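Below are the structure tokens for one structure; questions will follow.
Order of writing sets the labels: A, B, C and D. Residues in every chain begin at 1.
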């Protein structure tokens, strides 16, 4: 990654702040001939959109995506076809609620990037967090929706597996429930909804916040994507996930738990299946061995810290070097990790699309089409 | 990162396999005028070198580094000075013990990259793990030794904080002990040595292996390195660490523990210090906020899985598609994570050097020299 | 360069086609704190804008630039200040004259990219040349206008020095005249205007077209930008200029004429000046020696081919593989090279800005501020 | 390009100076399974090697290439097979004739990079030109020899078409003669040999030097390589050629002559051939339209300036800021352009190999295998 561009062949450049006129991304290197509808992109954006339950920020944004380049309309007047040139997507900012930013302009909010920004750049767009706003992730989700279409047969799904001190029961895992209209948390465990609801209501009413752990699973990824070192598929997934705001940790497969296992426990044994294809007997590796996909599901997790936008005053300093106590007013997310689920999916989808094209470039059609 | 090159301005390209004539790296973009001695590089290589205790592989390699370009010798006949052109460093392979690789050539070792390699490339250098050999990390360490010299006043140190199910007692942390000659584990806790020794002897005699967790701490990093998104300092540290073989997870600061904290707990409060400089009252963030260094120590951890080279037979298949049982013979590392300490330091040092130059490029001298 | 992004630290990504809703660019890596007005960008766009004389295409486009991100407004309500985050600029397409593209959709215009596009992508946006449209260069000019502000004291100017078989008289060179309202050609030679007018009127009325040669001169470039090899300043200037549509050749300094000189003639001799600074006695090198700027004016030239959009029918084939005769109807540019002047300036300015930041990154403030 | 690495998927990193122990390159991203012999690489190096006639420098270097990684030996003990990992190639410097560099260390040679180096880096390896030495091109030639093997059926050949004021007669063009043992000039025109010999003997005896123009022709390049803008095939060829020392101009197809043509003259007409395939009736475009290869031969030319290492004293300054007269002693090349022929071939071959893989990555197997 360099600057605000990521990916090597499937390259995404994002731009935009919370309180400018718009934000967006340019997806460059997309294969030509991919057919999709605008609603395929919009659907993912709607999943990320704020204001859909009392547990997420009440900012009202339609998050309507416009595609400005890189596609032609098919004769049906509805299907878009990529041409192989850069796909520019834009999302306008609508709800820039008028607000007195005086304090935030002058005070460094603890746990935010305010102080580091000012020290780095000597200038800072403090409105709504500027470039660090969670709104920026809409551009990622739009790019990811396109990335999903690059590799035939791939599915990338995510779920929230822990919220603060509460965890799901993996025995209840139900992918269908994740997208259920009654599920405000992207949890795969129906039994966790009341648990999380009570817990988060308490947090929310206290003006506090908690973190979360998200798990992303990619199925149907062809064997052979990635590289032994430096362009490892797991490395690029980790890099993509760590580029999301508030993420403090990333794991593949067993992750940190692998450090506590023995070699016997951790090795994924293999046997030939009845259909003459190799079968793995476990997936501790999370679908990646030596940096290269094995054909098993790819499993990644990331930890999102609690937002520091809380109602309890915290000690800090201001731009003039005076001690102050800072309290964040206005709408806030008690658990920003909830909306990170579609974002994590998008970032993993982008990594997979990029490595699919890279693999096809270096090795040719043999491997990816076998 | 792309292919076997990482870094944007301080760029490292590595090459080489375990059983070829040599391995090495090219460090491009190094600032001119850096003065050092060959022993500054060799010292770090010696720390990584195998065969130094019964707990690491007994392969005997002098790991003697040669610098082939990019420097001139000062009049003292000893001090090297970088010229700003690519620094090529080479380490010859000496102990390529003659060995019958017949089984490894035909069998896929569970938990290794063998199967994924063959599926990706259709060809594989199976001798000693080929490109995935732990020997490759010598090139990283050489590059990292140079990276340490780029940022004035930075120190990057690492320590093993967990081995399998055993952990250190952080109350005993002693940086000096990490490099103690009596300490075969890079542990910062003197009390952990007998504990780890007994534990790892048991593992070793059973022909088994365990994982480990390594912590890297960088002090003296100027405030302002990194970027809000996509070129976040923590992201590039995570990417660098995940590019090391056998790493399955990376954390910054509180890492996954942050997901269990509230916003009140996790926010690092600030006050003006007596010297008129800002002081952080805690460091949950691990020295990075919004992707940008804050001036606090940078803290990263990574999890190393247990090697799959174990004496217990495991189920697998061979290249002809037959079921086989695979057992790894010969020298092996019961805990490959031990030697990962200097490697992790090197990778963090490279990320910091790169971002130091990038920051100076974009923002100029003001920020980094303040 | 890779895909539609160019530059290493000052990075420009462009997107858009002739007949989509808009086109634009994202400028990433711009230093923070640069102060400018929207009119600074608009001025350059106006110089490139079509429809300003009978010698250029009559498409009417206001080419009004909007800045969507990466800046904050100063208290004066007029001055914009870069924040160091991506600057997204957009220009809407207005005059998409309704047109029957039937023939162009089915026929490959000789000398155009039509055939190569279809063979490459299997799909082509044929409206107005698609991605290859000259309109794309508006995005370059917008980026270049920002690039001009990065290096203090640099001026980048261009002029048309040859049109078809006609050349200017260098003895008459007058930079002020280039921007004169009576000068439709960006020629620096007032005497050439009637010559070029008569010539181009004949070409235009014949439905024909001619090529041109453009010269770009950058003054005030600090000594030390570039690198000995592979990131040579002249190489990146050449690459940037060759990325413009219809450019078939690039020269630095003496260029091809240098091949006919002797070493005695070509070497730029030096002497110490009266002010204690080195003085070059000539500038055959065009301001760059060994890939690195010398402090002399940088001089580059590029050749623009005649457009193949002409009224005379030419032999070709159609998408069904039948022989056809192709004639281009509608508005066209008899000499597309005229409007290439501000585009060439922009591309050279971007190369200089990028190398200024790269040099500052690698070497620090010493050299660039001396 | 960035730093000393070029190419996007077929990536070459070079390192080394004239008077260090060795120089070399790392070729990363090479497809696996390419079979070749060491002699395939050595043959190209031998063509570039100095000391083969009285018209080139008399430095005696065996230029023996060693391959240190990225290949396995086939059972025949002779055939090497790429594994897909980085191929590191090294050439040791042998003839580092002991020499008093005192003057060169203190004096800036006019027309050389000496002054610019010192201003940029504050330090300079003045021995033999350091990084700017023509010896560096051996690494390019080694990489190019591998690049030739990437695209099936491609041939890349070069020839010297002008030397100083003398040009070849294109009516005599004979590719076979270029490699003839009696031809010390890589000229394709047998009649030019006595002409060039007499001319260059005069130049040589006068201690002078002249420039040259080289033409590279690539045949068998598949249609569809490149991109409409910014990753144009001609742009990357131009960038690669301009990265060679002493190159001051690059042209594709008609090049600068295209500026003097009309649209009628310049357009390459097409017809369907008897075999049902499109046929171009001319090749003014040099095989590239809109940045994309058309399937016609690709034609590029570059101008090499005369070396400034001449026996006639020239005015200059020294590092202390005093006026001096500089005269280059010792062995020198009266026409460095002669040996640029295999270098130019290598750089064009690298560009084509890279774009072949990039095209296959983005578009897949359809286009490149059609």
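Everything that follows uses one rule, which is that a residue touches a chain if its C-beta (ideal position, glycine included) is under 8 Å from a C-beta of that chain, and two chains touch if they have at least 3 such contacts.
Predicted model only: the values in this text are computed from it and were never measured.
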item: Other chains in touch with both chain A and chain C; value: B, D
item: Between B-D and A-B, the pair with more C-beta contacts; value: A-B
item: Of all other chains, the one whose Cα centre sits farthest from chain C; value: B
item: Between chain B and chain C, centroid-to-centroid distance (C-alpha), Å; value: 45
item: For chain A paired with chain B, centre-to-centre distance based on mean C-alpha positions, whole Å; value: 27
item: Where chain B and chain D are represented by their mean Cα positions, the distance between them in whole Å; value: 38
item: Multi-chain contact residues (two or more partners), chain A; value: 2-5, 8, 14, 29, 32, 84-85, 120-122, 130-131, 228, 363
item: Complex contacts: residues of chain D adjacent to chain A; value: 8-9, 29-32, 84-85, 228, 357-358, 360-365, 369
item: Of chain B, residues touching chain A in the complex; value: 1-6, 8, 14, 108, 110-113, 115-117, 119-122, 130-132, 136, 162, 164-165, 203, 208-213, 223-232, 234-236, 238-239, 242-243, 245, 248-272, 276, 278, 281, 284-286, 288-295, 303-310, 312, 314-317, 321-323, 337, 359, 363, 366-367
item: Residue ranges of chain A touching chain C (in the complex, touch as defined); value: 2-5, 8, 11, 13-17, 20-24, 26, 28-29, 32-33, 66, 68-70, 72, 81, 83-88, 90, 120-125, 130-131
